[in-house]
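Notes to accompany the following structure.
Chain IDs A, B, C and D follow the sequence of writing; residue 1 opens each chain.
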Amino acid sequence: MRVVVIGQGMAASHLEVGLERLKRNEIPDYGVPLRDWIPVKYNEIEIVAAYDVDERKIGKSAYELAREYFNSSALPGSLKEIQVRRGIHLGSLKGLPFKARGLEEKLGLEKAIEVLVDEWRSFRADVFVNIMTTEPVEPVGDVNELETRVREGYLTASQAYAYAVALYARKVKPAVFINAIPSPIASDQAFIDLYKNSNAIVFGDDAATGATPLTADLLEHLYQRNRRVLDIAQFNIGGNTDFLALTEPERNIMKKKTKSSMVSDILGYEAPNYIRPTGYLEPIGDKKFVAMIIEYMSFGDFKDEIYVIMRVNDKPAITGVLIDLIRLGKMALEKKTYGTVYEVNAFYTKRPGPPGVKAISKVKAFYTLLDWLGIKDPRDIRSETR
Amino acid sequence: MRVVVIGQGMAASHLEVGLERLKRNEIPDYGVPLRDWIPVKYNEIEIVAAYDVDERKIGKSAYELAREYFNSSALPGSLKEIQVRRGIHLGSLKGLPFKARGLEEKLGLEKAIEVLVDEWRSFRADVFVNIMTTEPVEPVGDVNELETRVREGYLTASQAYAYAVALYARKVKPAVFINAIPSPIASDQAFIDLYKNSNAIVFGDDAATGATPLTADLLEHLYQRNRRVLDIAQFNIGGNTDFLALTEPERNIMKKKTKSSMVSDILGYEAPNYIRPTGYLEPIGDKKFVAMIIEYMSFGDFKDEIYVIMRVNDKPAITGVLIDLIRLGKMALEKKTYGTVYEVNAFYTKRPGPPGVKAISKVKAFYTLLDWLGIKDPRDIRSETR
Amino acid sequence: MRVVVIGQGMAASHLEVGLERLKRNEIPDYGVPLRDWIPVKYNEIEIVAAYDVDERKIGKSAYELAREYFNSSALPGSLKEIQVRRGIHLGSLKGLPFKARGLEEKLGLEKAIEVLVDEWRSFRADVFVNIMTTEPVEPVGDVNELETRVREGYLTASQAYAYAVALYARKVKPAVFINAIPSPIASDQAFIDLYKNSNAIVFGDDAATGATPLTADLLEHLYQRNRRVLDIAQFNIGGNTDFLALTEPERNIMKKKTKSSMVSDILGYEAPNYIRPTGYLEPIGDKKFVAMIIEYMSFGDFKDEIYVIMRVNDKPAITGVLIDLIRLGKMALEKKTYGTVYEVNAFYTKRPGPPGVKAISKVKAFYTLLDWLGIKDPRDIRSETR
Amino acid sequence: MRVVVIGQGMAASHLEVGLERLKRNEIPDYGVPLRDWIPVKYNEIEIVAAYDVDERKIGKSAYELAREYFNSSALPGSLKEIQVRRGIHLGSLKGLPFKARGLEEKLGLEKAIEVLVDEWRSFRADVFVNIMTTEPVEPVGDVNELETRVREGYLTASQAYAYAVALYARKVKPAVFINAIPSPIASDQAFIDLYKNSNAIVFGDDAATGATPLTADLLEHLYQRNRRVLDIAQFNIGGNTDFLALTEPERNIMKKKTKSSMVSDILGYEAPNYIRPTGYLEPIGDKKFVAMIIEYMSFGDFKDEIYVIMRVNDKPAITGVLIDLIRLGKMALEKKTYGTVYEVNAFYTKRPGPPGVKAISKVKAFYTLLDWLGIKDPRDIRSETR
């Protein structure tokens, strides 16, 4: 699997470093849900290129950029071979304190996309991982409208990349686009239709890490006991660039949307909730602080309360998810399930595509995924053969 | 369903009051997991008698005793018809500040059991709910050994009642024993064998409410992500008689045992843990305070932490569970699944019988239960027909 | 002490009901810091009028309005005599879902103020308690500028009331203005100067209840141990009108400002912080949810963490504070300490006036207050005479 | 200041390493309450010997033993000169999984004490820091009784050391005994009398770190607002040897006693509480987990709740306290305040001696200490000169 990374931020560094260390057995595979249960092995994955629009990053190697986050002694030398290339901007870093310039500014968007497809051909890329900064954007809905917007340059960076990957899949070889950010791609009918007809697969949207999957499972727990949820509030604050980006109301709203329907999908009714990234506090760093309250009615008109506090390393959590999604990309390509795969999205993302499907608790989604894979949880096999 | 309550404590009052109010539609059925999904309705249940050995309670009505916990305006008059009768003691309240005397002290145990069976015949009882105080006791293992102990009077109150119910089922009519306390009955091969041959069914052991099921589901959540649990500590403190009883080390050990194997059953490895009732603090009352820490390794050698604080009304939580177990008792009687029913125990109890089976997360057990019942979660039906 | 309430919201109802119940010995004086230590007794306080601009409230009695929050059985009949009168609006409810109209809309501001002073004369008022909704406003700074703004009608409702009280004090009798909201009055040099020359006293600004005083004392605790605070985040969410009002960014900024300098004042250095009302969630009601993290360096480069969760009844907390401030108003009038009294403000408010003074931890402010009062903590007297 | 360490455990290693690093300016003095405010500087302190009875430690250097806890790169070479010598056992490690033998087993206690005094003379020791494992023991009360027990060998290791220090002070030079563990020394009238007559000073008992001082200050916060505390529970669990030792009920009771009177001393009434070390969980290590609930009545019969979770590095916290106590030892020797010094004990210990005095909140004790020292908090000076 030859992988292209889109957005060379902290998450990219964690993926690049973690994957190499995993391949060298320097670290265990904790945090990788499917561990060694599937036939695709870690050392089948190779990252071949990374794209960004931040002038300070373009031209540097993944090795140089990872030094901001990792001790040199932990850095695999092979990262020196991954060069950061200029990608598409379309205003995706607007408002953030970075100097950014995209390929399209010189070439126009259509030409920029062509250039990318040519580069990817030379890399023989299979999987594209979108981990750029959260951008404000609505679904397009219709493939023709999408084509129009490409011509007019009226879309976001994620949409442009997703479009380019479809083009690449059609022209060069089948490919997978993993959309780990909130932009609606797998939940946009336009892209689902486009991908189906392009031998391409999209997984997404918004990789589920941190507090949201836990909240989903807590809600499932309450649902199963018929406890009536009165309210849910979930705050989270961190010090990485994501939280900085989310202090902008437009970007913040993207995160809120992702989570809003989950509550009613799982509970079966509307429960008042306040769930969203809450603030930026630099010294907290990547180990975000999450605080949650859930109040509910128990039997006999008695009220109970659950409070949860979490400290979660954000980027390591997403890395484990991405390593699975890349491997599942290979399996989906082999199965030729073009378009998207709900069974994958339901477990790994916050707003699973295709559009119109419901969120389910992660704990259920896990078994749905195993069914799709045709594998059994080894723990359950042990337990059955007792 | 004609129900006999064993142990007229706070849980009994909640069950008696709650059930009547539910039948009158004065309260919603929040906290009753199977709500209106099964054919057995709430008003098919009738509590016909209660047993205790506390001298202050014997001869009083459930109405009088409920006034300790409930406002008179919430008390159904029908509770005046439930009289508390003298039951079996066998030292079950030893060490607690109550004056207690059991039927067996005058009559001897075998005769006492006969008296009980006769009384139950007159009540035409179907289901027996054991909610007496936690008692220290080990499984017997073998039916012959059990018979010997009955003759010699060398068993605990719960064991004596469970034995009496088997006798009743054999002599009078098939019956169900719901063992909501930690004493091993459904996890004792002696009782499983006895019940199979007596047209009797036992559900148990130790009704799962409060923090333990939530811990099980949190562990499942971490297992599904291959996060490596380093340690778990769970404290809980309350002010009801249960917590008072559990300050005695012998009784406390019963609770610890119940929870000890759950961790490794769900995770698939041993994770160091400290999970047990921790103390008694009278003003906390029935709304216990639970504090928990779970530390685990995420991807890339990063450590995360989850802290949970819960305030849970203990007795209302168990009431919802008991109302389901009584109704499931009827269904099991109709299905003639004598012995015990793992599918029921796995969701509703902390140490599901029969002996030798593993704990599974509650979130999985829920679907196992629905399968056994042959019903589908209405939420999932809706979701499929979209 | 004849008291006029400005802003007949939930806080007003709590004050009106609580005070009457306290005078009748129906409730203990828990939550009133100075309890029976000072010579002014609870039954010296009488509430004589209330002002608001919400059309649904004007003309109603405090009794009628309190029924929204209290059970009738707890409501003192005497509240029927407190009528809600039309006061000054000046846009103070702008953006909130209430229909509001102020005296000044018909009469012009100067005339409206005259009308108020005349009404107050007829009530023989001594103390004015400002508990209206938080309004966005900056200090004026200079008395002449303040006079200009009165003439031009260019100020906020709180400023207009505060001005009117000064006029009343000069024309009728010395009076006290208790500013329990964030608007800078006691921290505005314009009002300090005006009050000094008007036989008037202002206490303020922003009554300290809930999480802020606790945060102050936690910071003092860390300061005293030379622990280096790395960061502080404090979230709070509630379901009363205050939280609804604070969802407007302009009003929210008022709260943030109040708290911003406290951290550095107490610690002696800038520690990154995020402390502000975070959201509105209706079912939480008045018992707000507060979540806090403090991270600090201990000896030897080790990092510790403190997490705090609070559930605090907002209005009861402020009521206890207001009852003290009213009584301290009488003492300050007797001492003729016109202008403001730092020793009172430092303990009871979040941003103590006069402008330029520093926040100190509440635990220190308490002893500063006792010194000003010339009384000793009875606990310490006992301890000394052992 | 020439310092002898009694008990070469983890706390000793932290003290030895931390002090050297502090003297070399490798770490800041965070966690040392009096920082650079007092005339005694860090590099006036020198640790000259350490005593233990664990056979694995005797004869080794502090350097070798510190390697269990610290990275070699952080270890000052000077620790190689501190040798661990055999001290007094008297059963202090009984029940713990260590092989221990004391000087007194061969020599008898009186002779062993003589040997120690002679060794200390050769070291020219000034200060003795007792940080051995918690031992179960009651106060002696009377000096004559103490002498009798020394003759008969009927006392604990801490008592024997404390006695030996008094002898040393009388025979060689004035000296200070810092009792950082719960054994009553500064709260035992026998030792107070002995020390007064021996030119010796004892500080103690039980160094206040972690959750107890914070609890004291939270209670003071509630007291100052007349909030009525209903109950307090405080759990803590850790993985260092202290927690292992405290799983023995006899040792645990020592900790509970220390904390029991604090609550009523500060609040002025008895509030039900459950405050004690709760368990041992090895992977938690030295960064203990503390969970706390405080429930109280606010104004108007409303109930509030505070929950606190702390992660505190235990040994670093005590190190900061010990560095101050050693320095204060020098100041007390200069002042010749033989016996004990309440003003020091009140801030730094959990059960301040002399016997009969009350606990006060730490936040008050801090100012009492500054008064005794005749210094002012620089923060307050700044604030006054504004």
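Following the convention adopted for this analysis, a contact is a pair of C-beta atoms (placed from the backbone, for glycine too) under 8 Å apart; a residue touches a chain by one contact, two chains touch by 3 or more.
Everything numeric here is computed off the predicted structure, so don't read it as measured data.
Engineer: Looking at the contacts, which chains touch subunit A and subunit C alike?
Structural biologist: none
Engineer: Comparing B-D against C-D, which pair counts more contacting C-beta pairs?
Structural biologist: C-D
Engineer: What's the chain with its C-alpha centre farthest out from subunit B?
Structural biologist: Farthest chain from subunit B, going by C-alpha centroids: C.
Engineer: Averaged over CA atoms, how far is the centre of subunit A from the centre of subunit D? Could you give it in whole Å?
Structural biologist: Going by mean C-alpha positions, subunit A sits 51 Å from subunit D.
Engineer: If you average the Cα atoms of subunit C and of subunit D to get two centres, how far apart are those centres in Å?
Structural biologist: 43
Engineer: Report the inter-chain centroid distance for subunit B and subunit D in whole angstrom, where each centroid is the mean of the CA atoms.
Structural biologist: The computed centroid separation for subunit B versus subunit D comes out at 47 Å.
Engineer: Give me the residue numbers in subunit C that touch at least two other chains, ranges are fine.
Structural biologist: 305, 307, 309, 311
Engineer: Under the stated touch criterion, can you name all the chain pairs that qualify?
Structural biologist: Listed in label order, the chain pairs in contact are A-B, A-C, B-D, C-D.
Engineer: Using the touch definition from the top, list the residues of subunit C that touch subunit D in their complex.
Structural biologist: Those in contact with subunit D are residues 14, 17-18, 21, 27-35, 213-214, 217-218, 220-221, 223-228, 265, 268, 287, 296-313, 316-317, 319-320, 323, 356, 358, 360-364, 366-367, 378-379, 382-383, 386.
Engineer: What residues on subunit A touch subunit C, complex-wise?
Structural biologist: It comes out as residues 230-231, 233, 235, 237, 272-274, 278-284, 289, 291, 293, 295, 305, 307, 309, 311.
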